[in-house]
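Reviewing the structure listed below.
Here the chain labels run A, B and C in written order, and each chain numbers its own residues starting at 1.
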Amino acid sequence: LGAQRLNEVFSCFVFYGVLLVVKMYAVAIITGQVRLRKKAFANPEDAMRRGGVQYHKEDPDVERCRRAHRNDLENILPFLFLGAVYSLTGPSLFVARLHFFIVFVARVVHTVAYLLALRAPTRSVAYTIGQMPCASMALQVLFSVITYA
Amino acid sequence: LGAQRLNEVFSCFVFYGVLLVVKMYAVAIITGQVRLRKKAFANPEDAMRRGGVQYHKEDPDVERCRRAHRNDLENILPFLFLGAVYSLTGPSLFVARLHFFIVFVARVVHTVAYLLALRAPTRSVAYTIGQMPCASMALQVLFSVITYA
Amino acid sequence: LGAQRLNEVFSCFVFYGVLLVVKMYAVAIITGQVRLRKKAFANPEDAMRRGGVQYHKEDPDVERCRRAHRNDLENILPFLFLGAVYSLTGPSLFVARLHFFIVFVARVVHTVAYLLALRAPTRSVAYTIGQMPCASMALQVLFSVITYA
């Protein structure tokens, strides 16, 4: 029974974790599309292929995409670790799912708010809400393994 | 028998995953060497130690290394998660190894193409090929856990 | 007995891994505080909310925080993978704990040295010391799974 719940919780984590990875991939694809549309390439060899070295330049819309992506690296990637080890601590499926679901929705809202430049503090609020289950998981995991420090 | 295959697939994933981490470390070391050779340091305290604050500057070769490294963060780190959970879904060793091997080779080619500024679209093609097994793994994992959403 | 030691080693890894994630979160919070204090925001919509578009600007102290954070992404995130798979190779608890503890202390020193701009090479020495257990873990893991390549 314990093994079954662990499996359910871990599978639930994997579901939202993989969805968030797919969401990150979407930001990468959008960045590439914005580079093509604005003709703003990070590398001279790319610019040469797309019309000339003058397109090796920065662009504010591309930089916005890159900031959204970097924020994902800073927050989604640690979640992929925290969620996995939190699943192993034996939480109830309901509470665990709540943690994962809040992180998932908050990070989707964060990305939308970033890419569409929604009015502040939409993005920051989404960021903060998404970090709360992460802080909760971090604390619970720390307490469960503190005797092994 | 099922446990044995799972162990074989996971070990195969770990092999290529660790090799890719070592590859990322190599990019970090190369970046440091280029900083020393071009005398271009990100921090004033480093520049002071290497001859003066005038060496606190940006350099196009250093920036190229940093872009290659950042692209690794965006793609290799999610693979370390995707490959692990994909291994747990019980794929055949042959198919799983093919996924991991393509990611590995594509990311090595991506790094070489980036650092040597090979003619476009060499780097982008390597990037796209490396993302295909990742997309395949993401989809397979999602299908296998979708009932736990 | 083998399962118990594996559990002890893995729990020890989880303890230091989660502490390092918390340390990364601390850098993110510090970055936000420095942005508010120096009035230097990455996004126009944030600057508008804090007094005007003129505060959409770069700041050397903010950039320093961001470099510290990025270095964490480059090194702590791969450790979260390496430490996990190294734990599965069955090392002694003493040796494993030594690896994790050195990484932890070195990364804390690295962050302090970065944020306070301590004299070079304090930061680089901390970086190098922290990478040594990581290289050791990478090699041990590679040897333990090389037959599955």
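The rule is simple: a residue touches a chain if its C-beta (ideal position, glycine included) is under 8 Å from a C-beta of that chain, and two chains touch if they have at least 3 such contacts.
As the structure is a computational prediction, the values presented were derived from the model and not from experiment.
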Chain contact graph, described as a line, ring, star, complete graph or other shape: complete
Rotation, 0 to 180 degrees and nearest 5, that superposes chain A on copy chain C via CA atoms: 120
Euclidean distance of C-alpha centroids - chain A vs chain B, Å: 17
Where chain C touches two or more other chains, by residue: 73, 77
Touching residues on chain C, where the partner in the complex is chain B: 64, 67, 73-74, 77-78, 81-82, 85, 117-121, 123-124, 131, 134-135, 138, 141-142, 145-146, 148-149
Chain B partner contacts - residues on chain A that touch it in the complex: 8, 11-12, 14-19, 21-22, 24-25, 28, 42-46, 48-49, 69, 73, 77, 80
